[in-house]
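Have a look at these structures, which come just after this line.
Here come two complexes built around subunit A, the first alongside subunit B, the second alongside subunit C.
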Partner chain A sequence: MAVETGQSVVRAADAESIRGRGHRPGKNPGRLRRTFATHWYAWAMVAPVVTVIGVIVGYPLVRGMYLSTTNANEANVERHIGVNDIPATYESVGLDNYQAILSDGVFWDRLTWTVVWTVSCVALSFALGLALATMLNRKLAGRTFYRMALILPWAVPAFVSVFTWRLLFNEKKGLLNKLLAGGGIDAIPWLNDPTWAKISVITVNVWLGVPFMLVAMLGGLQSIPGELYEAAEMDGANAWQRFRHITLPGLRTVASTVILISGIWTFNMFPVIFLLTRGGPGDATEILVTYAYRLSFVVSPRDFAGSAAWGVLILALLSIIAVAYRRALRKQGEVW
Partner chain B sequence: METKETAPATTAPEKKRRPRGREERGPLASVALHVTLLLASAIAVLPPLWLLVTSFKPQSEAFSTDLVKDFTFGNYDHVLNDTEFPNWLLNSLVVVGLTTVIGVFIAATTGYAVSRFKFPGMRPLMWLLLITQMFPVAVLIVPLYNLLASLGLLNQPVGLVVTYLTIAVPFCAWMMKGYFDTIPVEIDEAGRVDGLNPFGTFWRLIVPLAKPGLAVTGFYSFITGWAEVAYASAFMTGEENLTLAGGLQTFVNQYTSDWGSLTAAAVIVAVPAAVIFGFAQRHLVSGLTAGATKS
Partner chain C sequence: MRRGIAATGLIAALAMTAAACGGDDEGSGGSKGGKLSGTVTFWDTSNDAEKGAYEKIAKGFEKLHPDVKVNYVNVPFGEANAKFKNAAGGNSGAPDVMRTEVAWTQDFASLGYLAPLDDTVALDKADDYLPQAAASTKFKGKTYAAPQTIDTLALFYNKKMLKASGVDVPKSFDEVKSAAKKIKSKSGKTGLYLRGDDPYYYLPYLYGEGGDLLDTKSKKVTVDDPEGAKAFSVMKDLVDSKAAVTDASDGYNNQLNAFKDGDVAMALDGPWSIEGALQGKQFKGDKGNLGVAPAPAGSKRQGAPQGGWNLAAYAGSGNLDAAYEFIKYMSSAKVQQQTTEQLSLLPTRTSVYDVKSVKDNQMVQFFKPAVAKSVQRPWIPEANALFEPIRLQLEKVLSGKSSPEKGAEGIGDAYRKLLKDYK
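Moving on to the complex of A and B:
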């Protein structure tokens, strides 16, 4: 699809000018300048993004890595109190922070729960999204209505939905427990018991995630050519065989992409846990990201260095996933 | 789920009948399909609906299971006139408006460049865009906090706008690349032959054709800013500087639980998002999958 920025005509002319007329005095277009002349359009178009990412992601990233090797906390960083500037007094401690984190059980507990959380959220929302998309992808009375209703959770900002769920989950007075009481079932401590809190946060995240999966899967289903199904019907394949041998393979590219994207989003999902349980009870529902946030913005004194070290470890984990993803893309023949 | 279709079919009298085609199903299967979809729709709709219902109840009855008994606009009145809510709304609108406009524009130019041109630095750039999407809040938030503090941008909308751009733009650029890939290159070539430079081609020919893609990208930027919690909670302090995500937390925290105000405010927050969603959703499927399958 891609075309060269500069047309080949220009290229040829350039090459000729080097060989033939390149000896004009004072005129020596260096390789750099020629590259620039050919590609400056493309570079100008990507420059804003590169600048923004460089300043707002690049610099903090380097600085975060540096902070993770110090003992910086609220008490010893640079501060401005009124007109007085108190200089920073933290110092380098090498890899002590990492050693402390990796030899402490808290990190491994949080990592285990984060993996459980990510896998169960993605698996459940994918299965439900695919099932609902399959049901909607056919002639059906009220299809538009169902579609609008099922996508609704996506139209509401996530933090609003999370607050609503907190209202529903309220142990003494919430709607869910009142409905259960109507059926003679004891109140469930949705957000106050470690196990139930875990179930609750997963429920809410799946509820939030299904519409995305549904829409993506619907798009994927519609991109499968109808002729394939017609041919299969001619050959006498039943519905399950058609699903197994046409639909599933046809969805593979879309499915692998959305699973990866939503896996990363879920791994980093901050608002659901932060707003629903604040990581509690205790730290039962705290995932890696919310725990790192807690270290630098919730506990006192704020532990900037520890938080940064957690952040670097999280990033390392995600990089491994990204590399695996790139391998997979290569195998599928993506050119870049 | 497809198996549901065949269940009644196998009990049919003749043994060797043709399997049902895609657009046929027995009455039992139809009922099962509709019951399942109705149940799923109910689960999807109930929480937002309950939010709406609760917002019209007097504060004291926030937890009653009745549908509205004493209908009142009291919560809305209170939120709009006696709290900082209008300020938060304004802050959010400024931040989100700027993020959307700038984000869509630079995501589109970037997406166009990586879709159409081969240039040195393209692969690293695409790799960078992909990896930036994965960045957890936790790595950047402390240094970013320090950076914004030293630039005097804490509590300033500009600080949040720039931060949100880094979240929204990488994904949007990928989506736009996928969308531009579906627009035939011949159109660009025709423009070039007619004497347009690459910017002209992009602006006058491709952008008008890419409106559906731009709509989805704009929608994604809007939602990113409208619903972001972590940065907004950390960078904006002081009642009047909060954005909606931060402000609503003050209604229900460990000290107070003003569910009446919260529900009313939440409804006001959800409505514009839902309206914009309504406009964008027509293009959502094509836009998202174009971005998703190609990325």
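Moving on to the complex of A and C:
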């Protein structure tokens, strides 16, 4: 009861002050204080979440950034293992890690491939998803069945599908090469040749990504009013014109969001590459995140500082891409 | 599921940034009045064909110490190193006893993950160990593990296939090449399976040309000497001349399948694959068809790397007394005899070689002299890290993107980066 009374009083007071804003600026309390007074209940409600996020996201993030400016590795960080107490002996090295990474060809090679990988995966899965969604948006026999079948890759755990693909891709015993052999075509070294391995990982990722695009596009398509199509038809627009001038603009909001999200996911798509090729053959399919993983979990002693620096660079790249993308959309008049 | 992937990614990212943060201790038990109790978690790295036998043997410890529960966990070889480091460095979830590859032992010990075993019950009758096997357990004057099994690479061959093609067992890689030609023309099958995905299999070629990875005495990188490049060109020649087939991924399974199904006549492999090979259609019910010979020689000498497995106790174990006792049991003469009888793995104790069933084991008869002549690897903390640069170059050389000389150079450069005080 007391809470409610207090709230309504504050609300009334706030309403008063908002109404009076501009007329009597001197009498207003501080902006921050006012929002707090108005929304203290909301703040109290989100406080646990903010705290938890601060602890599980904020702290590691800040610590990772700090580590990226040191020479910390597995051998010089602090450890207490049973009777062994090993003090931390790493020290700050400023921006040396970043300098080393950016002046090394490995980073640029990995970045180029990561960009190729992201762009081709997103473009292909978007195109396929849109095509399938357009087809499924019409009334046809067995539509539910097709929708279910197409959503299947999404329903299977990623590692299961990736391992299945790996069996299919096996050069000597895999089903794909058996099929090719039946057609009289030589076996393709799917995962053993750098170019084929790249094609293979993209294929699998597109296969995994299409259902997401499909569902999102289907939702977008269904939100386009049917009257628009009817009107266009009356005006004599053909199918392509209707698609070009009604469907595509109508899908734009959904599509732009989906492409951004999918782009970020693909950029950081660890499981597909790691489980399918482990970044191989050699390092041909290694993207930025799998390389950062390698630094921090595979090489010995584990290079925490270097891996953290890679992580910060990946974060920075993604932030830049996201901001640039939003700007570009806004320029086209998109409210986002 | 998409969300699942995103969550996995998030967790991985967090783990990456938080990798240096600590955790809690776990485990309890110990000895109460001399009697052992509690749980011993044992991470075993044996392969699919071997793990059943190992689990039974490990559980046998419970009969000797009824109050101790053995928690047997099989961790695939490929993941074991990373998994142990995650758990040990993060102070949570590490086992009490770990089966470590010989080259991991110094790495783990140098990071403080292992408990020294000197003057504990774990090192029982230490004089009995083969000196070679014992060498791989030492780091800076202390002993960090008990040798469990020792091995080396050898040439596995299909007796019937060689006979049908009228070739003798090859003694050198040159002979492998000419034998493969005959096998191809007679049966259409390939001569050799060459592991192109695993750097360990580069070593017989390197040693064969008289080279080595490092000279630890004079602190010098020797892999980019001419011998290193020569080793690469021998491998590339075998693949290019179609004497051998290779893969850049899944090599272990592909090799074993190709060999046991009779798609290839020969393969370089170790005792850990004997059990798996015998289950294949070429050898099932016809054990005698499996032949094993010394790894082929290069132009200078015959040399295969010394490998094997040690048993180490995690320094943070809450039940070290039981862990020591478990190591003593698992490396005891009796258990080593059992693993030889069941899996044809090689004992590390000289006394076990006198037991009749071990002496009569064909595989032991073959592998014992091979192990005695095998080349010791550098027992330094970075030993395991020496493989990754070879893996990268091996792929480049075999696919023709890099010349053998460039490949060897690339490994040498990576080593000098890794080992700061090496020339």
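Please note the rule applied: the second predicted complex is superposed on the first by the 287 of 336 C-alpha atoms of A that agree within 3 Å, B and C clash if a C-alpha of one lies under 4 Å from a C-alpha of the other, contacts with A are read in each partner's own complex, and residues count from 1 in each chain.
In this text, a residue touches a chain if its C-beta (ideal position, glycine included) is under 8 Å from a C-beta of that chain, and two chains touch if they have at least 3 such contacts.
Owing to the predicted nature of the structure, the values given are computational and were not obtained by experimental measurement.
By the touch criterion defined above, A:D193 reaches subunit C but does not reach subunit B. In the superposition on chain A, A:L140 makes contact with subunit B only, not with subunit C. In the superposition on chain A, A:F297 contacts both subunit B and subunit C.
Look at A:R330: by the touch rule set out above, it reaches neither subunit B nor subunit C. Which of subunit B and subunit C touches more residues of subunit A is settled by the count: it is B.
By the touch criterion stated above, A:F270 is placed in contact with subunit B and with subunit C alike. In the superposition on chain A, A:W154 makes contact with both subunit B and subunit C. When the two structures are aligned on the shared chain, A:P281 is found in touch with subunit C, with no touch to subunit B.
When the two structures are aligned on the shared chain, A:R33 is found in touch with neither subunit B nor subunit C. By the touch criterion defined above, A:K173 reaches both subunit B and subunit C. Residue overlap on subunit A between its contacts with subunit B in one complex and with subunit C in the other: 56-57, 59-61, 63-64, 67, 77, 154-158, 166, 170, 173, 268, 270-271, 289, 292-293, 296-297, 304, 307-308, 311.
Interface of subunit C with subunit A (complex): residues 1-2, 4-6, 8-9, 12-14, 16-22, 81-82, 85-86, 88-89, 91, 107, 110-113, 115, 196-197, 245-250, 254, 257-258, 263, 314-317, 320, 381-382, 384-385, 388, 391-392, 394-396, 399, 401.
On the side of subunit B, the complex with subunit A involves touching residues 1-3, 5-6, 18-23, 33-34, 36-37, 40-41, 43-45, 47-48, 50-51, 54, 62-63, 65, 106-107, 109-110, 112-123, 125-144, 146-147, 162-163, 165-166, 169-170, 173, 181, 185, 188-189, 192, 197-199, 202, 223, 226-230, 233-234, 245, 248-249, 252, 259, 262-263, 266, 269-270, 273-274, 277-278, 281, 284-286, 288-289, 292-293, 295. Residues of subunit A touching subunit C in their complex: 56-57, 59-61, 63-64, 67, 72, 74-75, 77-84, 86, 154-158, 166, 170-173, 189, 191-194, 197, 212, 265, 268-271, 277-278, 280-284, 289, 292-293, 296-302, 304, 307-308, 311.
Residues of subunit A that touch subunit B in their complex: 1-5, 7, 35, 39, 41-43, 45-46, 48-50, 52-53, 55-57, 59-61, 63-64, 67, 77, 128, 131-132, 134-136, 138-142, 145-146, 149-161, 163-168, 170, 173-175, 178-179, 207, 210-211, 215-216, 218-220, 222-223, 229, 233, 236-240, 242-243, 253-254, 257-258, 261, 264, 267-268, 270-271, 274-275, 288-289, 292-293, 296-297, 304, 307-308, 310-312, 314-315, 318-319, 321-322, 326, 336.
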